[in-house]
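Scrolling down, you'll hit the structures one after another.
Below, chain A partners chain B and then partners chain C, in two separate complexes.
On to the complex of A and B.
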């Protein structure tokens, strides 16, 4: 790699005698590596065009009244309009409840992973892993179709309830009292295959000496789980909590396709309000402001989460 | 440490019940896809004979055939383009030093903090201004360009773990980037690349909101949009037909699962560890 040593020296800031010499050697290093920049160019240009430029445009647009063609500066009006809309208070309550629920439901893949990990027979462990992953064959949007039917008046949920002796006539998604709960219940028992595999990988990586030492000390099953095994998957848990934060705050797919945010505002979430603002009202500035607010929420939640985890580790 | 027998029995019981409920939902797609409207009205959720194959014919002719074709074109292009660009970028970042490397890789890393919801509206306008609305490019381009930060980061970590001696020896023999990449790096990385390709395929196949936004013409729609639209509104076909469409939409992942079940699961586990 000798022909790249010049670049290395510049990166490290060492062995640079004078500023002019450094500039010409830098240019020489760039020229020497031109093929590398060429190889990276589709990726970097793509990121700038389809990610960074739209992100900056969103910030710019959020301060404008913008129909997608002409824009007029309106300061913070879009933000005030969104944050002060009394109807949208419900959307914040909903996203908060969904967040709590989605974080709590991480317990299901954790439980599944733990039970599989503790099975003594390797073949059993393997086959349960296969069964957990198997539902991946059906794409996510198929479950929208299925669950819309399950929640309907003569759909699966009511059929099961009636078979159990409850005369249920509830239209689960059409009732303001049950719509949000139904959206949460969708996908029960919430065993996300990828999440199970992440936890499982964490459990498997626990050194057996650690468990042997606990056994010698006479640890009970609960002590073993809470004092040794759970702390050992804390890294995985942290990643999954952040991913759940990011996913939940942005998600409006279920609200859009299951209930359109209704009835009324019962299942409205900020992301869906944004989607409606720009697909139905051409309110691009207003939609951009909602996008920026959700970005800030995600950023703050992620930072708080990292801070909290760090302080508990100390 | 010894696991008690009672604990093991309880574990089996819980696992079978919980995973069983999840699998029953997949089974329901197949069960209901073979039922006539009369059968749905009396016994919708348990298997029954005769199987109403007509549902599949109806679904196929209601547009599923076209949707399926579009989905295959989109997903294959996206997987190919995304993996190719990710592999190239990860190779450069993993094996070379050059001025500005830290800045450029920083651009990749920082993308993990740019959520899709922030860029959705301007990206739509960008596609509109590029006059790509209602073309398959409207889905392919943004899915291939700029949305592969995660893939680059994971692949870079893997490529860094490959021994430098291999590359050094090949360079002495006069190998260029093409040989180093395709004859040395790729053969050593087939497991991680194929599991990544499967995940990317799954993601592209499942993509719903973006194609719904940029593809208005029905004949361009992928099966995700087509099926959800078909099952919405007043003109929706019988639930049996909707479920037949759902089963057809599952075929590619079923094929992948049967062909590579073991490597698929192992690959997913590898990906999980790398996370």
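On to the complex of A and C.
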């Protein structure tokens, strides 16, 4: 049946009884679970007001010259302006390098989670878990201040290097060759508490029968890890990879607080360009266009990522 | 009996609540951390004094005042957003700035009509006469149409340059150095300090310091460009006479360009300053310490507000003096043309003090009369004198010289840079320079200074960014380029 004939059938009313029955059963189901729908509705309304509406506003704003009060339609000008940015390539290269690093550094929480999981003593497992989670309570500002000092000329890293006999006079954040690497190095040893906990939860959920069977079959430690345990936390790994993609492309906090994107443009990322456009230039339309482009990039990367993971599974 | 006591308490509560509700309340968005002002331990004597004066007014008037702290970081963005969304408190206390006011003046109460009426707290015929300074000076220098008053506030009455170079007089004396008079002298001073293993001067390339150094260099060297712009636009020479629109015109017509010899020379001169004077880690210094206060450098650039901070600091273990950023002479570059230093400051007060504005929403909320009353109280000449007396800078009337009032040689040395050369309309800055909000010139200068790009490449990249800025500024501001003056003959 062509689209036309479907429409015609609707108009003729031939399919109406079936559709009407299904609609009334849907309404009955909603009414039956009305408490659930009622409880969900404040959250959904909140999301519409505070998340979907601003996102749609940003999409609208990206086609306007908009200072927060007055808006004038400018078509694709904001997009063209961003894509013609002579610093665009460098900022995407920076993001790419950060992404590669952040994905690779997922190995650290994976390793720590695995080591904690393999500890034979439950009390030790508990205390190590506490130790990993404890830094969460320190305010982020302290983290920034500490790392800024560590990277300064007479800061911690140079003190250590000088103690080791290297006369280091490097201003780690003030040198275009070392600034981005320094931002990556921040947070060493890259043990993010929630990531460890997610991996740990995955390891703990592995059925003991499976491990017992592997032991009976004579699996070595490596075989057990790579053939049984790692595949069993694949779900967690997928989620974390996607979250890392999204987090890295969106993140500009470190560049903002550590270097303001400098020296020069050495640590500039698109998110920081967006932030600057918004806060320094009152260019809400331009900032919105960058935001929309970031959204598209994240969406595409996430879809590619999911597809790759699915094909690997198959 | 218990019931009676309970009912009495309840009635007392209701009555006291009623009394409290009947009291008028004025909300004030206040610069900085109000808690510190309340505890009397802030670093900012100017705002602490204003806070106390407002409380004094509230007590005399029987008005409840609710202060809302505005953290200084990002204050203009926040206030602008609140102004546009109509959510600002009844009065806003801040240093005036034009950036957030562009296109939004209609959202403020225009105080001009009140100026010709008497101030009930004053002793002159009109409110206007209460001011030590031309009351519109604070924003005359920015984007506000001449004569229109949107801000009033407290101010030192003198002509004061706000930004100076602080120097350690003891280090200078030990090294046998004098206060430098010219830019060439400054570089020689830096060389002498370096030779003795002393880091001469502090800069923080990630903060405002950088701009404070760039400003006098660029304002000094770009004088011919400024003249060309003002002459094309037929505008009288005055502080901040060069507007954003004029800069966009200048960029589009090649008057201000990356290949301009004055632009390139300013980068070269600044590079000399960076190489010979600044701390080696200036592109990312340790911001948790004050390099000057802790004897890491012999000099630093900073503002008048540091006078009180350094003067009162327990960590200060040396005498200090000040001098204005010295004049760039032909000894440093053949392109030096100005016979005086252009500097940021307050001409006859005005810009140097605290200011107050009233959002238009205050009128709609029925609080306008109360807000005006507060502003009249704060700016009566006698109140300003009381405010002035609390400041680290002496309250010197504009017709007196600093040496007439301050006789202590130590204090004279500390104040020297603020008063020499004297601020005037002629020596105030014109608003010329890098028009980009993100400071493209300074960003690219960092790369040039580190040797990644050449001076010519710096010029080319600056030019690209300026052209992009002009293209967007025209669209965003809706400037009608057909009304622009013709391009100057090359």
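A few points about this structure:
Just so it is clear, the second predicted complex is superposed on the first by the 269 of 314 C-alpha atoms of A that agree within 3 Å, B and C clash if a C-alpha of one lies under 4 Å from a C-alpha of the other, contacts with A are read in each partner's own complex, and residues count from 1 in each chain.
Operating definition for what follows: a residue touches a chain if its C-beta (ideal position, glycine included) is under 8 Å from a C-beta of that chain, and two chains touch if they have at least 3 such contacts.
Since the model is a prediction, treat every value here as computed from it, not as a measurement.
Of the two partner chains, chain C is the only one that A:263 touches; chain B does not reach it. Using the contact criterion defined above for the overlaid structures, shared-chain residue A:70 touches chain C, although it does not reach chain B. Looking at the shared chain after the overlay, A:174 reaches chain C, while chain B stays out of its contact range.
Shared-chain residue A:88: touches no atom of chain B or chain C. Of the two partner chains placed by superposition, chain B and chain C are both touched by A:148.
In the superposition on chain A, A:26 makes contact with chain B only, while chain C stays out of contact range. Judged by the touch definition given at the top, the superposed model places A:128 against chain B, while chain C stays out of reach.
Touch counts on chain A: comparing chain C and chain B, the chain ahead is B.
Residue contacts after overlaying the shared chain place A:301 against neither chain B nor chain C. In the superposition on chain A, contact is made by A:54 with chain B only, not with chain C. On chain A, the patch touched by chain B and the patch touched by chain C overlap at residues 68, 145, 148-149, 154, 279. Per the touch definition, chain A reaches chain B in the complex via residues 1, 4, 7-8, 10-11, 26, 29-30, 33, 35-37, 39-40, 42-55, 57-58, 61, 68, 108, 111-112, 115-116, 118-120, 124, 128-146, 148-149, 154, 156, 159-160, 188-189, 191, 193-194, 197-198, 200-201, 205, 211-212, 214-215, 221, 224, 236, 239, 246, 249-250, 253, 256-257, 271, 274-275, 278-279, 284, 287-288, 291-292, 294-295, 298-299, 302.
Listed in rising order, the residues of chain B touching chain A in the complex are 1-3, 7-8, 11-12, 14-15, 18-19, 21-23, 25-26, 28-29, 41, 44-45, 85-86, 88-89, 91-93, 96-102, 104, 107-108, 111, 113-126, 128, 141-142, 144-149, 152, 168, 177, 202, 205-206, 208-209, 213, 224, 227-228, 231-232, 239, 242-243, 245-246, 249-250, 253-254, 257, 261, 264-265, 268-269, 272-273, 275. The residues of chain C lying in touch with chain A in their complex are 74, 77, 80-81, 84, 100, 103-104, 205-206, 280-288, 437-438, 443-444, 446-447, 450, 452, 461, 464-465, 468, 471-472, 475-476, 478. Across the interface of their complex, chain C is touched by residues 65, 67-70, 72, 74, 77, 81, 84-86, 145, 148-149, 151-155, 169, 171-176, 179, 259-266, 276, 279-283, 285-286 of chain A.
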